[in-house]
Amino acid sequence: MDLSLNETQLLIKEMTGDFVRNDCDKDTLLDLDLLPAPMTDDLWRKIAELGWMGMMIPEEYGGTGNSYTDVAVLYEELGRGPVPGPMFASGVLSASIILEAGTASQKKDWLPELATGTRVFVTAITEAQYGWTERHVQMIAVAKGSDYNLSGVKLFVQDAANATDLLVAARVDGEVALFRIDAKASGISIRPLDGFISGTTEIIFDNVAVSGADRLNGGWDAFERAAQPAIPILCAYKAGACGAIFDLSVEYSRERQQFGQPIGRFQRVQDHIIHIVNYLDSARWTTYEALWKLDAGMDAAPCVHTAKVVSSDSYLRACDFGHEVHAGIGVVREYGLTLHTKMSRTLFHHLGAPTHHRKALERALNLIPA
Amino acid sequence: MDFASEDNEEQAAFREVVREWMQTKIPDGMEHTVDTGDLTLEQYQLRRELGRRLGAQGWLYPTMPKKYGGGELPVENVVILHEEIGRAGFSIPPYYDAGGRMAAPTILVWGSEEHKDRFLPPICKGLVRTWQLLTEPGAGSDLAGVKTIARRDGDDYVLNGQKVYVGSSHGADFSWTVVVTDPDAKRHENLSWFMIPMDLPGITVTPLDLLTAGGEGGTGSGVKNTVFFDDVRVPAENLVGGENNGWKVATTHLEVEHGGAGRFGDRAIINEFIEFCKESHNGHAIVDSQESREKIVDLYIESQVTRLFAMRNYWMAYTDQPRSYEGSQYSLRRKLSGLDISEKMFDIVGPYALIKDEKWAPLKNALELFQREGITALHPGATTDIQRVIMARRIGIGRREVEKAGKIR
Amino acid sequence: MDLSLNETQLLIKEMTGDFVRNDCDKDTLLDLDLLPAPMTDDLWRKIAELGWMGMMIPEEYGGTGNSYTDVAVLYEELGRGPVPGPMFASGVLSASIILEAGTASQKKDWLPELATGTRVFVTAITEAQYGWTERHVQMIAVAKGSDYNLSGVKLFVQDAANATDLLVAARVDGEVALFRIDAKASGISIRPLDGFISGTTEIIFDNVAVSGADRLNGGWDAFERAAQPAIPILCAYKAGACGAIFDLSVEYSRERQQFGQPIGRFQRVQDHIIHIVNYLDSARWTTYEALWKLDAGMDAAPCVHTAKVVSSDSYLRACDFGHEVHAGIGVVREYGLTLHTKMSRTLFHHLGAPTHHRKALERALNLIPA
Amino acid sequence: MDFASEDNEEQAAFREVVREWMQTKIPDGMEHTVDTGDLTLEQYQLRRELGRRLGAQGWLYPTMPKKYGGGELPVENVVILHEEIGRAGFSIPPYYDAGGRMAAPTILVWGSEEHKDRFLPPICKGLVRTWQLLTEPGAGSDLAGVKTIARRDGDDYVLNGQKVYVGSSHGADFSWTVVVTDPDAKRHENLSWFMIPMDLPGITVTPLDLLTAGGEGGTGSGVKNTVFFDDVRVPAENLVGGENNGWKVATTHLEVEHGGAGRFGDRAIINEFIEFCKESHNGHAIVDSQESREKIVDLYIESQVTRLFAMRNYWMAYTDQPRSYEGSQYSLRRKLSGLDISEKMFDIVGPYALIKDEKWAPLKNALELFQREGITALHPGATTDIQRVIMARRIGIGRREVEKAGKIR
């Protein structure tokens, strides 16, 4: 038993922490937040140069083949920002899907450029009838000889506005298949959604032609296998975010004076912060146990589902209690806390809401026949 | 007990009068904007027009005395008025007006006859709109710690300072506030309460972006402002309740703000949401899923208790029952259940609850606003922590002396 | 709109309050708690003389025909004890069932003696497959000519150890019927259940002969109609109990000193008590709104279900927070708080747990077809 | 990270040794009593016998140094030991023994060599059983406010006072406590820590009925006692850690009691309960109902977080990681999730969870006990409020100085 980070992980943590502090300070994040696609070319270049997009990818495809836990340490630090952008969409979820479902030549063609950040892959699964189970994929790919033709709408796709390539789930003869499509292909329009949400888009496919060579080997099962490690990495981002809210709240509890003393002397304020640290640690440890099981090749399903339930809830509620601590100043945009509030809502349902994973847990715990 | 009288003959007649009145008197073009804190100028002006028309009937502030422009209606008729206006999708007042909701009862309790004659009729008739100025950067929960200062100079007081989280969009005619008039006096004995015309020289209003600016930099809801006073000369006759008596004066509007006056009827969004969940969209209704039904039931139960606390307080206030912790209890519950219900809605409808979008957003963006309000409503009018402080004092937890509720009429 | 108690109700409240304070002080209640059937002849005689058993019963059958709200005011005060015993079982639930389901002659024969407390009726519905819907009644009554024969087990029957008469639900030709049976009839054995529970029994029916004249007219529907007013009266008992826990906790918060001051000066202790008063008022107002609708003859279903959910939860949780306030002394039997803790658990499922009434609310709110 | 090593060759061998040992060394007739605080005398004696047999191997307190009768095992082997004994349905120690769990680390940190040599071996070998005496009627959360007094008289201290909520059934050989040795000194500088033989003249033990006596007056779980000291002469050599240094000494066992040492493995009842819900009874299984499945999942998730906090603390303690708020965080969570899980179980199985009954009670009355323990476990070893006080100080909420965790090895 050893619950510490190893040396590689400590290094990743330190480097990423430096990046977040130096290149993604609050003002930068507030500016990014106003962009329809919350990432700039400059920042993306730096991220690509740091090699982060290749961490999930084996060396033979130009990556560094890190463990899932290594990758999670990176995202835990990014969550502290919260740093927005398509890093997770491309470097984790899409990379994992291509590794699971791509043909040998697809891997050879796509992964090296994904690993260097030259191309940005974004995966589009969900539709108007929103959900993360197979039955929610209703878009149809019509076969035309060895090629395909797609029409329909993908909704609530995270970070597609920055994509060069889309991985799209659509049905062929009733079965879910996966396709790579140029984000700029004719017939595609990508529109950011406005509101209490960050980086989320609608993608309309109007008679989009797809080459047969761009259909991946695997279908829904491959997607689900690929999502298994992606989910706790997303959870690590949320755990990191909880950590940032915790630090912000503790600091505010010391600085802000009311009734002649720091507000943190009041037990009620203390209790809000104790809630936050409990959420933080709940998210963090359920997440890393799942990652450990995945890295060790053990059955991780109950842990993965538990981590997603706990971290989605934790991030949301940690924000709520952060607002209780901060009161007025917390809702002023310039203060920065609301970047988290918005992100906690945005990511709550991504790759399955708590309800989805609770249902999956019913199966994983054998409460209902598989 | 009687939780909602059947109309007697007289009340049924009154209901008919209100319904008929509304047929012709709601201005053309008034929209059911979900975010009443962030109206377009045109919509704001239409709502002010409705306010003036209601005011002319004594219906804008129907519980206020007739001699000051109110309606002096019995509680049953007030309920009918709220119900009927509510049925049309509006509320009374139809725009943000801290003058009528909170300053009017305060002036009624603490003002001189001259104050009442001067300030109340324009408020009750909807001729002016008024903002509340309380919080300062260094004085939030600790309201008695305000630093804005008023120095007596001849017939005026000269004000300097800064107030935050003020009002909504489109300005105000008056504001009211507590400021320091005796810097050397003890806490709670150093403040005075003023009505201030907003057109006085030296007042600057700058907008404050709250949760959350939209994707294109557009402002979101909860449009608030910062108000700066630079050597603003306020006539001494605008001091209400006596010099250095401001904290006592404030107990009245704080009691109202803390829920002491209650509220009648449900949050409209609860029923709209439940109906939305029953509707079929592409052959699916949200209520088809058992998990969703369970959550809708939770949300319904949560909302019922809040409704009953609000109604109880309404009844207590307008029948002069002895009150204790009930105002803050309702305010606390409204805040926490507002957040809780918003999160249950989010859980049920998913990311649809987060978007402002003509094509996809349910209930005309009302859910997105409600998500943000779940957070932004936590602190105004005293945080949940302060509401608990008040409850504990009024109940006498850990002490035998029991704090009294503020007088509200 | 008038949310005050009327003069009759204020009188009932005062008289019952006096009774609880004088005749059911803590020592008496602690003694009752040790009895297999928590009621004494002496106490029952006093209760009967006060006329409480006749309040639900119209004057023509020897009662006083009070409103449901009147009766609830009585039970709210009894809940403050909490005073145990078969008052609710006989005077409310069984009385209501006989009024709904009894024949004219049954009413004439049974109600006057029920009203005077001479006979104690207890209703036995639930069985080993515990629940409060029609399908949970599985016991079978075998017709023998115009009479019947019952065998089987009724489980978790509240207060049957004091009964003279049982009202028993059993199936005849597949339909639920209701029977009156002498509690001392041959073949019946009533056994109190031990544990964290109060006044709850197992009743075994071994070939019990029942006269056809003791079969009531109505069946399951009649039971459900009869339960409608009984439920919020039980809720009033729970609201009263919450009130007693509140008073006890406030008093303790003033008296108990730690760290040189009354513990109620600590915000955490205050917050426990604020939870209690919120539970108290939630239970109380949902209950009285339901009673008002019932007395006014309006559709009360959503209110009745809401009241039961809220008051079952409230009583349970008010006890939990009462224990947070009291810590060690609260779990010492002699202090008396645990009488409530046990009663809050005992009554949680009686006449339907929150889960049962939530499901009923789904129907009452038209979320699913009736 | 590595949350539970696979056994290496050496560890696998150790596991085998433990398994074989248990085949012959668990005394015949030992029952899996659900309420280990309320054993029959016979069962208690059998468990003491098992304790002595474990102690002879160094396995009763396997992390203690060998020279004092412990096992000095590496953390992996300790885990194996707990797992294997747990698999047989028992835990280490197999009976209530505050001497080994809390006094032994305290003496190890604060005792003289003579103390260690005298007190630790009998504890580690299971020859004596020890109670903890801390709470007094007037000193619960405020432990430093104890009033029991020890007056120096020659080679003895003479003790007078009263301690409550002590031990379980069947007595003890030793007890340990903090008492006032300097009534005039400042708070926290007036206390001393003693090991006290329970057979000294002047000690009286009377039982205390806790939640909840059964229907026939039989005692329920959580059998505790009141201990009175009337002029009890305790030899001065039994004072550990120096006169008036008792509060510092107490930081060690308080840290252990507040969860600082963690725990390895699940609450057994969680898995037993889930299996019970899957079993078919008369053709029905609890998991047939979707509502029940949802609640089981909630309960499972709740339990996993508690398990992980416990495991993290275990790892931190036995690998000497820097610790802060984690002990109290786990203790707080264990208390609150214990109550929460007990109520979820109650919700799922209904009144069956409340009964002690040979015929009807599920899991041999374990659920009934767990219902009561949900309540009775809220306060021992510091209330939830005090756990939060400690967390706030260790985190430094509202203050920059951060309190250090107590040393536990």
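Labels A, B, C and D are assigned to the chains in the order they are written; within every chain, residues are numbered from 1.
As a working rule, a residue touches a chain if its C-beta (ideal position, glycine included) is under 8 Å from a C-beta of that chain, and two chains touch if they have at least 3 such contacts.
All of these numbers come straight from a predicted model, not from anything done at the bench.
Peer 1: Any chance you could check whether C-D or A-C wins on number of contacting C-beta pairs?
Peer 2: Here the pair linked by more C-beta pairs in contact is C-D.
Peer 1: Please identify the chain with the largest separation between its CA centroid and the CA centroid of subunit C.
Peer 2: A
Peer 1: Just give me the whole-number Å value for how far the CA centre of subunit A lies from that of subunit B.
Peer 2: The separation of the two C-alpha centroids amounts to 39 Å.
Peer 1: From the mean C-alpha coordinate of subunit A to that of subunit C, what's the distance rounded to whole Å?
Peer 2: From the centre of subunit A to the centre of subunit C is 52 Å.
Peer 1: Taking each residue of subunit A in turn, which ones touch at least two of the other chains?
Peer 2: 263, 266-269, 271
Peer 1: Pull out every residue in subunit B that's touching 2 or more other chains.
Peer 2: 291, 294, 388, in rising order.
Peer 1: Show me the residue ranges of subunit D that touch subunit A in the complex, using the header's touch definition.
Peer 2: 1-5, 75-76, 79, 274, 277-278, 287, 293-294, 296-298, 300-301, 304-305, 308-309, 311-312, 315-316, 319, 321, 325, 329, 332-333, 388-389, 391-392, 395-400
Peer 1: Quick check: in the complex, which residue numbers of subunit D touch subunit B?
Peer 2: Against subunit B, the touching part of subunit D is residues 290-291, 294.
Peer 1: Help me check something: in the complex, which residues belonging to subunit A touch subunit C?
Peer 2: Contact set of subunit A toward subunit C: 266-268, 271.
Peer 1: Provide the residue numbers of subunit A that touch subunit B in the complex, in ascending order.
Peer 2: Spelled out, the residues of subunit A in touch with subunit B are 33-36, 128-131, 155-156, 192-197, 200, 202, 257-259, 263, 266, 268-269, 316, 319-320, 323-324, 327-328, 330-334, 338, 341-342, 345-346, 348-349, 353-355, 359.
Peer 1: Give every residue of subunit A touching subunit D within the complex, in rising order.
Peer 2: 1-5, 69, 250, 253-254, 261-267, 269-271, 273-274, 277-278, 281-282, 285-286, 288-289, 291-293, 306, 309-310, 358, 361-362, 365-368
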